[in-house]
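Letters A, B, C, D, E and F name the chains as they come in the text, with residue numbers starting at 1 for each one.
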Amino acid sequence: MLGGGIPEKNIIAVLGGYGSGKTILGMQFINRGLEEDERGVFISFDEDEDKLIRIASNIGWDFGSAIKDRMLVLIRLDAADIGRSLTRAQSELPTLIETFDAKRIVIDPITLFEMHFRDDESRRREISKLCTIIQASGATTMLTSEISTDNPFASKYGEIEYIADGVIIFQHIRPAPLKRSILAVEIAKMRGVKHARDVKPYDITDKGIVVDFDADLF
Amino acid sequence: MLGGGIPEKNIIAVLGGYGSGKTILGMQFINRGLEEDERGVFISFDEDEDKLIRIASNIGWDFGSAIKDRMLVLIRLDAADIGRSLTRAQSELPTLIETFDAKRIVIDPITLFEMHFRDDESRRREISKLCTIIQASGATTMLTSEISTDNPFASKYGEIEYIADGVIIFQHIRPAPLKRSILAVEIAKMRGVKHARDVKPYDITDKGIVVDFDADLF
Amino acid sequence: MLGGGIPEKNIIAVLGGYGSGKTILGMQFINRGLEEDERGVFISFDEDEDKLIRIASNIGWDFGSAIKDRMLVLIRLDAADIGRSLTRAQSELPTLIETFDAKRIVIDPITLFEMHFRDDESRRREISKLCTIIQASGATTMLTSEISTDNPFASKYGEIEYIADGVIIFQHIRPAPLKRSILAVEIAKMRGVKHARDVKPYDITDKGIVVDFDADLF
Amino acid sequence: MLGGGIPEKNIIAVLGGYGSGKTILGMQFINRGLEEDERGVFISFDEDEDKLIRIASNIGWDFGSAIKDRMLVLIRLDAADIGRSLTRAQSELPTLIETFDAKRIVIDPITLFEMHFRDDESRRREISKLCTIIQASGATTMLTSEISTDNPFASKYGEIEYIADGVIIFQHIRPAPLKRSILAVEIAKMRGVKHARDVKPYDITDKGIVVDFDADLF
Amino acid sequence: MLGGGIPEKNIIAVLGGYGSGKTILGMQFINRGLEEDERGVFISFDEDEDKLIRIASNIGWDFGSAIKDRMLVLIRLDAADIGRSLTRAQSELPTLIETFDAKRIVIDPITLFEMHFRDDESRRREISKLCTIIQASGATTMLTSEISTDNPFASKYGEIEYIADGVIIFQHIRPAPLKRSILAVEIAKMRGVKHARDVKPYDITDKGIVVDFDADLF
Amino acid sequence: MLGGGIPEKNIIAVLGGYGSGKTILGMQFINRGLEEDERGVFISFDEDEDKLIRIASNIGWDFGSAIKDRMLVLIRLDAADIGRSLTRAQSELPTLIETFDAKRIVIDPITLFEMHFRDDESRRREISKLCTIIQASGATTMLTSEISTDNPFASKYGEIEYIADGVIIFQHIRPAPLKRSILAVEIAKMRGVKHARDVKPYDITDKGIVVDFDADLF
């Protein structure tokens, strides 16, 4: 289900709170590519490569072999120097994508890059720049993003949803006190594509993100 | 439907969240002008010209030919130096509009200009100045604007809706958890013109923005 | 209906969102004075004199002739240097009012003056000073004000409603999603005068602001 | 009704929005004292002495004669230099109160003093100091205060209600859109005195503040 | 009812708005100790000793005699120099408590100490330090605290409720406009003690704080 | 019930307000380890070792003996110099964990470390660094966290819930004014593990945290 529907070469932001399965979705997006023989790059912050491989492995995605087969690159950026990580990403990503012929890229989460900036303007400028660079490389990209604590439909800094070509919202709904909470997904933006406005429940299962209804969301 | 109703030489702000179709509306406004043999200028930030042409093309608007026929100019401003972009816009737009005889202008979004300022006063002053310059040139103008994360009826910085002659609100209504969301449009201001106070559902279709009810909104 | 009821020599703040008709009300207040052979001064920021005359003209108010007959002065302050505009207003208004024998003054909007200050104290001090100066001149004054994005019953900076002798609230009510919005007016303060506490719907018509109920609001 | 119930030598804060009648209540408190042959001091900011006398006169309170009879002093502080006004109040009030033998004091509003400070600590310290000085002088005091735009039960800076011995809330209730608004009064604090917790409607009439129910609120 | 139930040597924070009876509760806590022949220390800011004695006296608590009998010490800290007051409290309280053999201490309110700090970290550090010092002395302590204007279940600075061993909430409930308000008490925290989660109405009577239901709250 | 279910070597954040039993849960987590012959480290700020032992003892957990048997280490960090405490934790924890062979670690609360930083970026960087160090050591870790006063599902600084592998929410539900409040627990995140989305009431009893329903929450 994942992957087919995202327009090629687009940049999709996935907004979701903690525990909403953003990382899993990113992996699933990469894995779907692998199944189609598309190379992938997964960029994370301070996440142990082994841990990512183990989590993928639990779901039945063999990221270890994909890395050996040179179909997947896991890049771990250094949260200790985000400014430098961003500069590096801006300068090295194009070459990497071209050389490696990557078709799918995930940055998990883009929020750490955004956190580096003290004002809206420089944040917008630098993240836009990164997106332009990635887009020029021709890969389809997924950027996960933490959300605002005040508004579940806005990212932490309220900018990436405007920069990205598409926005997927992962929402954690608490219907009432003591009631079981529900995860729900919604496509809130998909530039140049007519898309559904439905909100559908999903679950984080041992097969990845599974949307309840048989919908071609992605 | 689009275009006929906006009073000539006015400046209209279009307020809407991400994915509400602001860019499409801007294109539609330009295209409507082209159909009337009115020249247009579309100013965007960091949006690839090809991408804009492709999106328009998907809807059946031939922006490529319009550019060749010298009926349309796409200007891509540099988000990397917004201050300079603004100065350039303030100094070069009048000549461009006059020389080119532009009747319709879109700035998509004005929010990036506004982001450059650290305080209400200088933001208001410079954006007002830009509007005065544009207005003096005699073109009808549409400024798209991102919205406040707290209040869907306010722009990100809460100023452009007071500066503009007219305000169109593109609202993303989520009636209840898990319910399909609705897009709705409302004219909240139109200086010197008696206008409807209705709120009407619209959709982003492959023919552009289509308001459900047969209304002469524009 | 407009004008008769505002106590002479008082300063009235009109609070309203964008598109609520504050400028029209200011013009109507001036026009009502003209009908009574009272001279008026209309102070605006960056609004083209021609545009104001045209808008008035659409409603049937002949501001052009009034200017020629020396019954009305339109003053356009420079938003590019608000600090200087304010100093000028504080120093030149008394003479102007006296020489011209103005009975009615409008500042549309006072918010631009308020925007110049970085803290509550200096804003309050300088706006109070301006009001004292105007009041001493003996004219009846209307100050339009933009509203807070959080609270429709508070001005943008939350001070002018305490400084003014009277406060009129222009409210934009959105009863429910997709429901037609309503404009409603309320007198929230009128120092030293017993006034109604009703809230009445009004419309911006081609005759100016018309309150639905036959009420002596002003 | 006014005055009898406030414990002697106490400091009462009156919290209310614009147009809630705080100034009238302050005058009424003073007038009640005059009726009991108690001298009063009314301190205001930038309010014309004549205007205060006129407003009082409209209600039938002869402040002009009271001033001539040396029963009342109106002090107009200079908002242009609040810091100096406060220092003056702190240093000169005790002598004035003692010499003049004032039994009742009003500061309308205390908010302007509070506005002078940039942080909670210095504001609390200086306003507390002023209150200590006044209290030592033995007069009963009423401090009117503007309210927070977010919370009608808190003063603008959220401190005076903790400093004062008593707090009276003047509330502007808007029951629903288009419904007539109601003014209601409540005693929220009265140190060392058992008091009612009722909320009662009141009106600003040509006899001053009149509470609807025959209650000994004050 | 008051006092018996607070675990010995614990620090209890009492959170309540203005007029909720925090000071009365502090006095009651001290008085209860006096009845058990436990010495008490009552620390306040800028509250006249005479006034405190008078308020206690109204309720039938003879603080004057207790002071003479060396069972009670009233300490008035200087709000004019909170930083110095805090240092003094930190250095002198242990000796005082030991020498005087105080079993119960009240600081009314702790908020003034907290106000001295500009950031969460130093506030937390210094208030924690004060609490550690008091606790080491072996006395049972009650700290009253002003509340946040946004959240009645949080203290003004949101820290003391985490530092204290126990938290009692004094809540001012306004059920609906024009309805009589209710005071209600709740124990929200009592470290190491199983406690009720009930919310019970109370009143400030001429016998002190009286909880309506015959509950062993304290 | 506690302990078995947390994936080994993971870092779990426990978010809860004051009085929600976070410290008790941390102790229970340690105690469960002790029962399984797993060594534990309990790190707290300014909490007296004796007090912690006493509280544990009340519940029947013999922390005193565990310390003597070298199965448990209680570390008291100095809130007076959080920066230094953090550096110490980052440098000494790995050795301690390795030498001592600790299987379970609690930091109660992590909020004090977070409080040391003035901006999101450095806070995220340093807390992430600490977590990476702890994780590398191979222990399973519980970090308690204070919550935002605005949003009970967000930590005070809104970051730890994104850094941690799992998040447990301790919620204090107040169903209505005067109604008994309820404590409820929910697992909001558990990276790489399918977990329930139920919300279950719990109580702080003399046996520790007891969830009402017979659930394998941990």
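Here, a contact is a pair of C-beta atoms (placed from the backbone, for glycine too) under 8 Å apart; a residue touches a chain by one contact, two chains touch by 3 or more.
Predicted, not measured: the structure shown is a model, and the values here were computed from it.
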Given chain B and chain D, the chains that contact each of them: C
Path length in steps (a step moves to a chain that is touched) from chain D to chain F: 2
Between chain A and its twin chain E, rotation from the CA superposition, multiple of 5 degrees: 120
Label of the chain whose CA centroid is most distant from the centroid of chain F: C
For chain C paired with chain F, centre-to-centre distance based on mean C-alpha positions, whole Å: 59
Geometric centre distance via CA averages, chain F-chain A, whole Å: 29
Interchain centroid distance [CA atoms averaged], chain C/chain E, Å: 51
Residue list for chain A, restricted to those that touch at least two other chains: 150, 182
Contact graph of the chains (line, ring, star, complete, other): ring
Chain A residues touching chain F - in the complex, by the definition given at the top: 17-19, 23, 45-46, 48, 54-55, 58, 79-80, 82, 109, 111-112, 115-116, 118, 146, 149-150, 156, 172, 174, 177-183, 204-206
Contact footprint of chain F on chain E as seen in their complex: 119-121, 124-125, 128-129, 132, 135, 148, 150-151, 153-154, 158, 161-162, 164, 167, 171, 173, 175, 182, 184, 186, 188-192, 194, 197-201
